Every structure is written in C-alpha cells, then in structure tokens.
Amino acid sequence: MSGELTHLDADGTARMVDVGAKPVTARTAVARATVRMGAQTAARVAAGDAPKGDVLGVARIAGIQAAKRTGELIPLCHPIGLDHVEVDGVIDAAAGTIVLTGTASVTARTGVEMEAMTAVSVAALTVYDMVKGLDKGVEITEVVLLEKSGGRSGHWVRS
Amino acid sequence: MSGELTHLDADGTARMVDVGAKPVTARTAVARATVRMGAQTAARVAAGDAPKGDVLGVARIAGIQAAKRTGELIPLCHPIGLDHVEVDGVIDAAAGTIVLTGTASVTARTGVEMEAMTAVSVAALTVYDMVKGLDKGVEITEVVLLEKSGGRSGHWVRS
Amino acid sequence: MSGELTHLDADGTARMVDVGAKPVTARTAVARATVRMGAQTAARVAAGDAPKGDVLGVARIAGIQAAKRTGELIPLCHPIGLDHVEVDGVIDAAAGTIVLTGTASVTARTGVEMEAMTAVSVAALTVYDMVKGLDKGVEITEVVLLEKSGGRSGHWVRS
Amino acid sequence: MSGELTHLDADGTARMVDVGAKPVTARTAVARATVRMGAQTAARVAAGDAPKGDVLGVARIAGIQAAKRTGELIPLCHPIGLDHVEVDGVIDAAAGTIVLTGTASVTARTGVEMEAMTAVSVAALTVYDMVKGLDKGVEITEVVLLEKSGGRSGHWVRS
Amino acid sequence: MSGELTHLDADGTARMVDVGAKPVTARTAVARATVRMGAQTAARVAAGDAPKGDVLGVARIAGIQAAKRTGELIPLCHPIGLDHVEVDGVIDAAAGTIVLTGTASVTARTGVEMEAMTAVSVAALTVYDMVKGLDKGVEITEVVLLEKSGGRSGHWVRS
Amino acid sequence: MSGELTHLDADGTARMVDVGAKPVTARTAVARATVRMGAQTAARVAAGDAPKGDVLGVARIAGIQAAKRTGELIPLCHPIGLDHVEVDGVIDAAAGTIVLTGTASVTARTGVEMEAMTAVSVAALTVYDMVKGLDKGVEITEVVLLEKSGGRSGHWVRS
C-alpha cells in the first residue's frame, strides 16, 4: 500500500489538498445507501408512497440538495460545481429495505465521490426521519461508493 | 403496528409535523456509525492519528457542525437549538473499523434523534473522505440510533 | 398612520428590532403565491404531476426548507425556530395557475409572517424553475400575506 | 408546444438536468419584482430612505446575497458561480410601488435566470419585511423574467 | 487562574459544552473591530459614503447576517436565537480608521459574546473588501469584546 | 491615488463587480491573524494542545470551512471555487500569542484575498471562543493580508 493520507501534510496537520495543477476533466461517481426496516414498515412506506410518492420523493430532493452542500459539510472537500445529480430509490417491501442510489458528475479538477456519498447518506437519513415514528429499529446498513470515473485514477468499480 | 407516517397528512402530502402543543422537555439521543476499511488502512489512520489526532479530530468537528445544520439537511426536521453535542471516535486497527458515537441533547418540543444521526453520518463521511485515497473499498457499514430519552415516548434503548 | 419604520433607528440606520422584552406567544401566519402560465403548460404540469406528484412535491419541500432559512435570507429578520410549516399547491389547468399556500407557526417573541412569505416565494420560484423550459412567459403574479395571529397585534385577515 | 418538463425523467422523477455536455458560454438574465403599498407608506420609505438609503440599500444587499445561494434554495438548480449580480430599486411614491430589477451573469454551462429571479424575490421580501409594520396590506405583485441571453436558446426579451 | 479549557473534556477532546442545566437568562454582549487605512482612503470612504451610506451600510448588514450564523462558523458554539443585533460604524477620516461596534442580545442558556465578535469581524472584513482596491495596506487592527452581561459571571467590562 | 471604490457604481450604489471579461488565472493569497492572551493562558493552550492538538486543530478546520463560505458572508464577494486552503497556527506561550496563517488559491476570474482573510478571522474567533472561559481579556490584535499573486495586479507582498 503505497498511498498516503493525502489530507495530512508532513506534520500530520489537516489541510485541503492543492488541486490547482490537476487538469479539468469530466468525472462521475455513483454511491448507494440502504435503509433496513421491518417488512410491515416498508409495506406502509410503499403503500403511502403510491398516491403521492412522498417518502422517496422527499428523500430524492434532500439528497440532491445535500450533494450541492458537500463542500460545506465535509471539512477538507473542495467546493465544486455539479453538472448533474440524481438520486433514485427502490423499496423492497418483502425484504424490508429501501435502496437509494445516487449519481453525481462534474467537470472539475477533483472528483465527485463525496457528493455522491453525501447525497445518498442524506437521502437515507431523510427516509429514516420519515419512518422512525413507525419503527424505532430502522437502520442505515450501508453507505458505499459503487463506481467512479474520470481523473488520474481512471474507472473504478466496486468488486 | 398502530403508528402512522406522521410526516404525511391525510392526502399523503409531506409536511412538518406541528409540535406547537407539545411540552418543552429535556431530550437526548445517541447514535453510532461504523466505517470499515482494511486493517492496514486503519493502522495508518491510528498511526497518523497519534501525533496530531487529525482524522478523528476533523471527523468530530465535522459531526458537531453537521448536527447544528440538521434542520437544513433533513427536509421535515424542525429547526431546534442544541444544549450539547459530542462525537467520539474509536479506531480498532485489527478489526479495520472506526466507530463514531454521537450524543445530542436539547430542551425542546421535539426530539433530537436526527441531530445525533446526522452528526455520526457526517463524521463517518469525513473519515471516508480522509482515507479514500488509501483504500477505495472503505465503506460505512451502519448508522443507527442507540438510545433516546425525553418526550412522550420515554427512554428507548436499541435491543 | 402612526406606525414607524421599525427597522430604522433614530438615524435611519438598519438594525434588527430588539424583541427581548416581548412575551413568548404562539404565532401563526399564512401566505399565498400564484404562478401564472399558459393553460397548456399547466395541463402538462397537472398530467406530469399525476403519477409522481413531482412539480408540486418538489415545490412543497423547497418552500418548507426555505422557511427554515428565512433568518439567513432576510437581513433584519430574527432567527427563530418553527413549530410547523406546511406548503400546499393547487393547479387550475384551465386558468393556467398554480396557487401555493403556506402556513408557518412558532412559539416565540416575534411573528412568523416572513417565514410564511419566504416559503411560498421559494415554492413559486421552484415551480417557475421546473416549467420555464416549457413556457418562457411564466410569471409569479402575487406573493401576499393572508392571515396572521398571535402577538400584540392580534388576529389579522387580509380583506 | 414541443418542450418537455426537463426536470422530470422518463418516469416523472425529479432530477437535476445533466449539463455536462453543454458548452461554457457567457449568460445574462434580468428579472423584476414589484412591491405595492399605500402611497403614504411609499412616501415614508422614500423619505426615510433619503438620508441613509436604508430600505433599498438593505434590499439590494439581500438580493445580491440570495442570488449567490440560489442553488441551495431551488432544489433542481445547478450550483454555479456568478460573474456579476446587481439589484436596483426605484420608489414611485405616488403609485405606491417599489420596483426591484436584478441582473445576474455567469460564464457557465447553464443559464442564470433563477439567480436573477431569486435576487429580486428576496429583495422584494426584504422590502416587505421592512414596511410591514407600517402597512399590513403590502404585497408583492409580480416577479418576472425580463430578458435572458447566452446559451442555445439565444436572446429572449419578454414581450 | 482556576478556569479550565471548557471545550476540552478530560481527554482533551473537543466537544460542545453541555448547557442543558443552565438557567435561561437575558444576555448581552458588545464587541468592537477597527479597520485602519490611509487617511486618503478613509476620506474617500467617508465621501463616497455621504450620498448613499453604502460602505458602512453594507458592512452593517453583513455583520448582522453573520451574527445569525455564528453557530455555523464557530465549531463549538451553541446554535442560539437572537433577540437583537446591531452594528454601527464610525469613520475617522483624519485618523484613517473605521470603528465597528456590535451589540447582540438573547434570552438563552448560554452567552452571546461570539455573536457580537462574529458580527464585528465580518463587518470589518466587508469594509476591507470594499476598500482593498484603493489601498492594499488596509488592515484590521483589533477585534475585542467590550462588555458582557447576564449569566453566572455577571456584568463584565473591558478595563 | 487613482483607484476607485470598485464596489460602488456611478451613483454610489453597492454592486458586485462584473468580472466576466477578466481572464481565468491562478491566484493565491496569504493572510495572518494574531490572538493575544495572558502568558498563562497561552501556556494552558499549548499544554492542553499537546496530547490532542485540539485548540489549533479545531481552529484550522473552522478556518478552512469558513474560507469555503466567504461568498456567503461578504456581500459583494464573488462565489468562487477553491483549489487549496490551509490554515496553520503557532503558539508562542512566552509572548502570549497564537498566530494563524492562512493560504488560499484558486483558478478563477477574481482574487482570493477575502477567502484567506476570512479563513484566519474565523480561525482566530474559534481560538477566542475556546479560551475565553480562561481569560476574558483575550483579543484579536490583527487580521492582515500578507501576500497575493495572480491577476492583473501581479505579485504583492506586505512591506
């Protein structure tokens, strides 16, 4: 493992990495978060969701808005624009899960993983907030990066 | 299961629940997030962390600051003050985990679970951001509420 | 007209009015904004709205989130909590209008009119943003306070 | 009418439009908001305004600051920089109106209409906030786009 | 000196102090910042300031708005409401100084010093921003607390 | 002195300067803030700082995060991205000072001085916040620009 903790300088002090010399390239990242709940709760969400789409609808908007504020939330993240953000949600009532997938892309000097990860994290917290009155045991069971492309490290897909 | 999706009104439309008639009481919530990485990465964090405490130090601050902005991030959350927020982190290098625990408390008409959950989520994202250059496979494997007290529903502890 | 420009002091300098001596009381305000567009556009919104509720759904969330940030947007507004915010939208396809109504309430030393006004303004801007690609002539034709109660000035209803 | 609700995908789900493939061009937009009040109120504002310029001065700053936060307020808006923002106000005491005109420009992949519209909306809300103590009947009677240029759709002027 | 670094716990870890057990009392704080520049620059500001009041007018608004966001900026500060904020500025053209004084008050469990300090700091930065094109040597020469009252420690005045 | 108050137009009205015609170039700025306190307090900070680095650690993060929000805080500042931000702190216990130095850089149409100045101002306020319980007389004794490069005015160093 030849990598270094790039956010720490020679003294171990936190800093924002200097990306001024990096080229501007198109970059994309995809992340996923899963919220697990009782099958009954998931069924209620699915049913309540049918007429107005609200639980997933609110979660999607929350995720998109959070992606735009990633640089404010994550201390050493660069503030970047975004060309595109999208958050989708799928309810599996039988399994008792809601899976949120988020894609972010930008044309910039640095990657967009944190924007995708932040989008699905906040979307998952929003789902949690909307169902916690039904089921106190609801939990977020994963927030992971699925894929990234663009930049020096090329295309990476979670194996 | 007699609960209802309290964020949806009779028509299924999203709204912020009216808490105007609820009493102001002391409320506390505790949440936990776990970040999993390779043992080598965790050891690097632990070693890099020794002299300056930076990875956990930055994550703690990020979590505290995020807790204060919960109402901005989670659409149907009430904007509330906070009497206290604390985020602690423990590195288990052998297991390859960093466990973040967050406590939030407030004297208000509504609970503080989302503040604790948001604090540990953003702290975990911050850890992820600081180690992703070392190990692309890092993942957040849980964000859960451990305990809450205060308010009508009393003291609840995750079983 | 015996009132004064309460935001200006004796020198005409802008300041935030001191409400420290005012009692904490329950306060509510209701505001309305109207967005006018071609009948065809409104019909498209209504139809596109049917399966997923998105245009109004997104506008409602945008309005609720903006209400929580009123103190950041309006310079001389006090930062206050909120007990409740709700934004509803009605499409009249024949008339080519979308009418957004917002209610905000708080238990505080100062009123909540600006929160209701900000909620419907931002909800209307969100509708505009989502339909401007269809119809460049879309316009917001009113943002008005309908009603307020609580505080020294009592219950007021727009005549 | 061949346009589509570009914020809705094939399933009607809200998303931020992908502008990654659009060229970066200079773009400008101009919007206007009108606040209507009693002639006496407008005269008071004009008089109170003379020595220190405060009502319009505060509204201008509020509008400029809001333009910079458009991406945070409008869910599906792209976060963009700004090359220029300006908000001007004209009081017509006899007519009882304050007219706010806002211009925004940027060199980007997407347009700047929402920034101009947000600037004048928040400037108008700020005027409302500063005169509502004098005249509860004050209302915002329009928020409209006057002109836009740059981008694929070229120069457009409200007819 | 019997005090302790109250933001550090027994392990030296940063945390937000728990104020849940403190009584809610009226609190006020006054702070001052001074910006020093060449006499010619100060005269230009004073003259440019005469007709429209803009340099000080903009700085006052910036300070008031920053006070409301103190909890977002200062990591271990509690998020609190505000009953009142006011920022005043005085230009002494001969001395080449602009002195900004800020007062903040709140009815809360914790003090309001940071809000007053943040208000004058950001007001001073705003003055700097507006005159730096005239005089690169402009500097902020002090940001100090002048006075505080309320809370356990009573009334304190800088000697 | 041939400069003009570039934020004021012909009428003295505040506006954001139009930078649309300026070239995009690499720009850097360095600023410094000094916090003065009793020697005993500084020694306490240095000692408390040894094991966990918290006072300076928290101040560094606060400064970095504030730099990213400069455009929100300073009304006439352009919203820009950032390629790099770094805040360092040095405690001189004998002299009773903590000196914070901040560097910001960006590739943009406008300079980055305000980001560097905002970073050290907020870092200094954070130090103040963390030691004010020990020593009410703590004060920020300077916030100055040390150096800037890039853009039309070339390299400038404080003499």
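Labels A, B, C, D, E and F are assigned to the chains in the order they are written; within every chain, residues are numbered from 1.
Note that contacts are C-beta pairs under 8 Å (C-beta built on N, C-alpha and C of every residue); 3 or more make two chains touch, one makes a residue touch a chain.
By chain, UniProt protein names: A, B, C, D, E, F = Cyclic pyranopterin monophosphate synthase.
Keep in mind it's a predicted model, so treat the numbers as computed, not measured.
Peer 1: In this assembly, which chains make contact with chain C and also with chain D?
Peer 2: The shared contacts of chain C and chain D, listed by label, come to A, E.
Peer 1: Would you mind checking the shortest number of contact hops between chain A and chain E?
Peer 2: 2
Peer 1: Validating interface symmetry: for the copies chain E and chain F, is the fraction of residue numbers used by both over half? Same or different.
Peer 2: Answer same: the two copies use largely identical residue numbers here.
Peer 1: Starting from the Cα centroid of chain A, hunt down the chain whose centroid lies farthest away.
Peer 2: In terms of C-alpha centroids, the chain at the greatest distance from chain A is E.
Peer 1: When the centre of a chain is set as the mean of its C-alpha atoms, what distance in Å lies between chain B and chain F?
Peer 2: 30
Peer 1: Compute the distance, rounded to whole Å, between the mean C-alpha positions of chain A and chain B.
Peer 2: 15
Peer 1: If a residue has to touch 2 or more other chains to count, which residues of chain D qualify?
Peer 2: Residues 13-14, 51-52, 54, 57-58, 61-62, 65, 69, 72, 75-76, 81 of chain D touch two or more partner chains.
Peer 1: All pairs of touching chains?
Peer 2: Applying the touch rule to all chain pairs gives A-B, A-C, A-D, A-F, B-C, B-E, B-F, C-D, C-E, D-E, D-F, E-F.
Peer 1: Give the list of chain E residues in touch with chain F in this complex.
Peer 2: 1, 3-8, 11-14, 38, 40-41, 44-45, 48, 51-52, 54-55, 57-58, 61-62, 65-66, 69, 73-77, 113-114, 117-118, 121-122, 124-126, 128-137, 139-145, 156, 158
Peer 1: If we count contacts the way the header does, which residues on chain F are in touch with chain A in the complex?
Peer 2: Counting only chain F, the residues touching chain A are 26, 57, 60-61, 64-65, 68-69, 81-88, 105-107.
Peer 1: Show which residues of chain F lie in contact with chain D when the two form their complex.
Peer 2: The touching residues are 9, 13-20, 71-72, 75-76, 78-81, 108-109.
Peer 1: Please give the residue numbers of chain F that touch chain B in the complex, ascending.
Peer 2: 51-54, 57-58, 61-62, 65
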